[in-house]
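Some notes on the structure that comes next.
Think of it as A, B, C and D in the order they're written, each chain with its own count starting at 1.
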């Protein structure tokens, strides 16, 4: 099975990484922050040439952000989720624009929505929100209902 | 055209013009815009009522706010509304501009549109059916006949109220950014 | 020549959807283009964290108003995957039928938009009129013309009404007849070919490296389709082609969409012919107390615009911890559009954007 | 003398009614082609009445209004110089040359107004308009030259007079090549569908009209209506023998207008460079050939 080969290759190549075959066509790789750019280059060289998305999850209890790079290989038909965690207090990651050009847009959104800084991304300007004051809205400690109450004065509308 | 209609035309040709020539500003503000193309095209054909989409706000006199209004869109809506010529009519389309609709707890959509610009009529529902737009248009005709569609006059009379609300949510708009401009009204 | 800054949208006839492009224009040529999204941002992903799994269904379909069913399908698939729900075979078939109907109505909407932006009202009026046959069927199916909320965890909300299959076949026959009219009027029109051939070309390598999927990728010669690569619903049971064009320009993208219409009709016919008996849905636990086991999943389907995926994380409560939507218009509407508009004529800005089949609400979410 | 004065007032009014009727008819016919019911035929009249009653909130300066007035005045004066079925209030001997100059007045007025509007869309629209004017002038002037050489006159009245008699005497048959060339550039001159580049709403937000609203838009609409009348009437006078009376003149105009409209309903818009190439290719070649033929055979 091809998934198992990838799992072994990843675990052999990257220190402190774990790979898990979730089901057919899905593989989850967990890496330390430092080896993430190298892993992306490694995966791209191995046929994972389509970056589907970069998503970010706010784990408030662990005080960490989790970046997930979703890669897809057209030839092997395997979807790889490459996960890396960065601390919430100093959210800095390395930009993956050199590997995947269109990561620029995803990183721009994550910067706006979570406040994660990407070193090497020249275009971390606001994308969706105009003149936004306050914390990045997708963080778990930002309560949208509280915000609506304060900003629009809509107490009676809250259910 | 019956005799009563002709009498009305002779009495006030301007009302006749305002009623049967509602040119809508082409502005897709929200997802309600998906029902506008069917209304304009072959099945419902709004042109037989004189309703046409127009390219720029200066040419239009009806403003359909089709769906939710995000903060960024609100700035564009206010700018567009200010550019339209009098008399102008605003119709809120869908439940989102009425009270926020299903986005009642969204941080980026405004909840009550008529706090920021005057609205002459609402079409409730999500999505309202195309027939509802025609009912709104005929209601608007009745309101024009009875001099009840006076949103643009309200805007001028209560400009301070509207301006205060607009500035509360959009302090960065060029309209409000410079202090000498903020004194107007 | 003086360089002008031209705001193309959001209030502009050449703009389909609430979206903005800031163009730097020299004469009739675009020097630089910057996408300006955010006019439709509602913060869906945030709102979903505040609602229970079932309450989210009215939200997800509103991510893309032109093509709402793939979003429901995705969300239902993710919930099923996390909760371990099974879908009966009849449910799979009905889902395929609904998804293809949605694809047809989205493509017909696209024909309206594309014709309109090329200044060709007649084809747009016809296509939009024919789209209503399918919207009427949707209305019969679930009561709504635009938003359906028909696909549900464990299957679909209710079985097909009696006689629905015949009426759907009649609508497909009607559309097939009309497609030849569209060909005569529009797709074989010389001016259409002259305006679109060679405009905004993409090579296959560029397309893959920029994250393009769906019809835009297939117009560059790569025949990738999630329906074939990772079959979901009942797609593994049907015989259909994936239309591919080689040039990757505006013309190829248009023709691929045109060819997909016929494939969708064929899939609907096969699904109706093979429709198995049995229940259309499996029972869902009480949605108010429905806690889903901790876990994560990524599911993907082929929407009318390309690969659409959802990444869902559950922490064991009755609300999703994180939902992330990967939408096909996201890469095309931002970086790809900016690249393709560089050096284009101002006359072509609108139709390049429409040829990429960009849906603004998908970008903003 | 008094009759002439009356005609000076009546003719523009008649031209206005014909043009509005054409507009209404075109919207109705287009609607039917697009499987719609369509607006009432008098809908353009309602639109103009509405536009006139709208109030301006802001001012674009005096040049803006002056430009629009100039554009409209240019078109109205052109109407007076074109014989309409035996009625020709202002036609003296050299009027064809006057018409050519007068027809340029309205684009100039538009350009003035667009310049005063300070809108990039407006200036782009005006530049497109002038490029198009340059493009269609070549075949159009060549055709006119052929007509003038053939009839040895620059007077429209004499040109019409020379075509009287039976159908065989019409310019369409005597001078078929210039007639075909002019018909090919007729959509460009009218600014209808394949060539409505100057005011394309999907590209440059209706171009020169982008800042027009209320009275100014009404002026622009009137100017457009008069322009339609001028172009179609000129074609009828040049190649279809004018008209014995106003009715036959009107019928001929209707035929020409409908022919143009039906072609325009089934074509998408072209780009400006394609329009330029189109005008300078076949229509110019045909017109040149026509002129050479006339010079060789002569009368």
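Here is the rule we use: a residue touches a chain if its C-beta (ideal position, glycine included) is under 8 Å from a C-beta of that chain, and two chains touch if they have at least 3 such contacts.
Values in this document were obtained by computation on a predicted structure and should not be read as measured data.
Student: When the contacting C-beta pairs are counted for A-B and for A-C, which pair yields the higher total?
Tutor: A-C
Student: Quick check for the class: compute each chain's Cα centroid; which one is farthest from the centroid of chain B?
Tutor: Relative to chain B, the chain whose C-alpha centre sits farthest away is A.
Student: Go ahead and note the Å separation of the Cα centroids belonging to chain A and chain B.
Tutor: Centre-to-centre distance between chain A and chain B: 41 Å.
Student: Just how far, in Å, is the C-alpha centre of chain C from the one of chain A?
Tutor: 24
Student: Could you put a whole-Å number on the gap between the CA centroids of chain C and chain D?
Tutor: 44
Student: As a quick test, compute the distance in whole Å between the mean CA positions of chain B and chain D.
Tutor: 36
Student: Going by the touch rule set out above, which residues of chain B reach two or more other chains?
Tutor: Each of 26, 41-42, 55-56, 72, 105-108 in chain B touches at least two other chains.
Student: Would you pick out the residues of chain A that each touch at least 2 other chains?
Tutor: Those would be 128-130, 137, 142, 144-145.
Student: For chain C, what residues touch not just one other chain but two or more?
Tutor: 12-13, 38, 41, 43, 46-47, 50, 125-126, 129, 364
Student: Taking the top-of-page definition of touch, could you list the pairs of chains it picks out?
Tutor: So, checking each combination of chains, I get A-B, A-C, B-C, B-D, C-D as the touching pairs.
Student: Which bits of chain C are touching chain D when the two form their complex?
Tutor: Touching chain D from chain C are residues 4-6, 12-14, 25, 27-28, 115-122, 125-126, 129, 185-186, 189, 191-192, 194-195, 345-350.
Student: Can you list the chain A residues touching chain C in their complex?
Tutor: Interface residues on chain A, with respect to chain C: 22, 25-26, 28, 49-53, 55, 57-58, 68, 70, 72, 74, 77, 79, 81, 100-102, 104-106, 126-130, 137-138, 140, 142, 144-145.
Student: For chain C, which residues are in contact with chain A within the complex?
Tutor: Residues of chain C touching chain A: 37-38, 41, 43, 45-47, 49-50, 208-211, 213, 222, 224, 229-230, 296-298, 300, 307, 309, 311, 313, 321-322, 324, 326, 330-331, 334-336, 364.
Student: Which residues of chain A touch chain B in the complex?
Tutor: 128-131, 137, 142, 144-145, 147-148, 151-152, 154, 157-159
Student: Write out the stretch or stretches of chain B touching chain D in their complex.
Tutor: 13-14, 16-18, 20-21, 23, 26, 41-42, 45, 47-48, 50, 55-56, 58-59, 61, 82, 84-87
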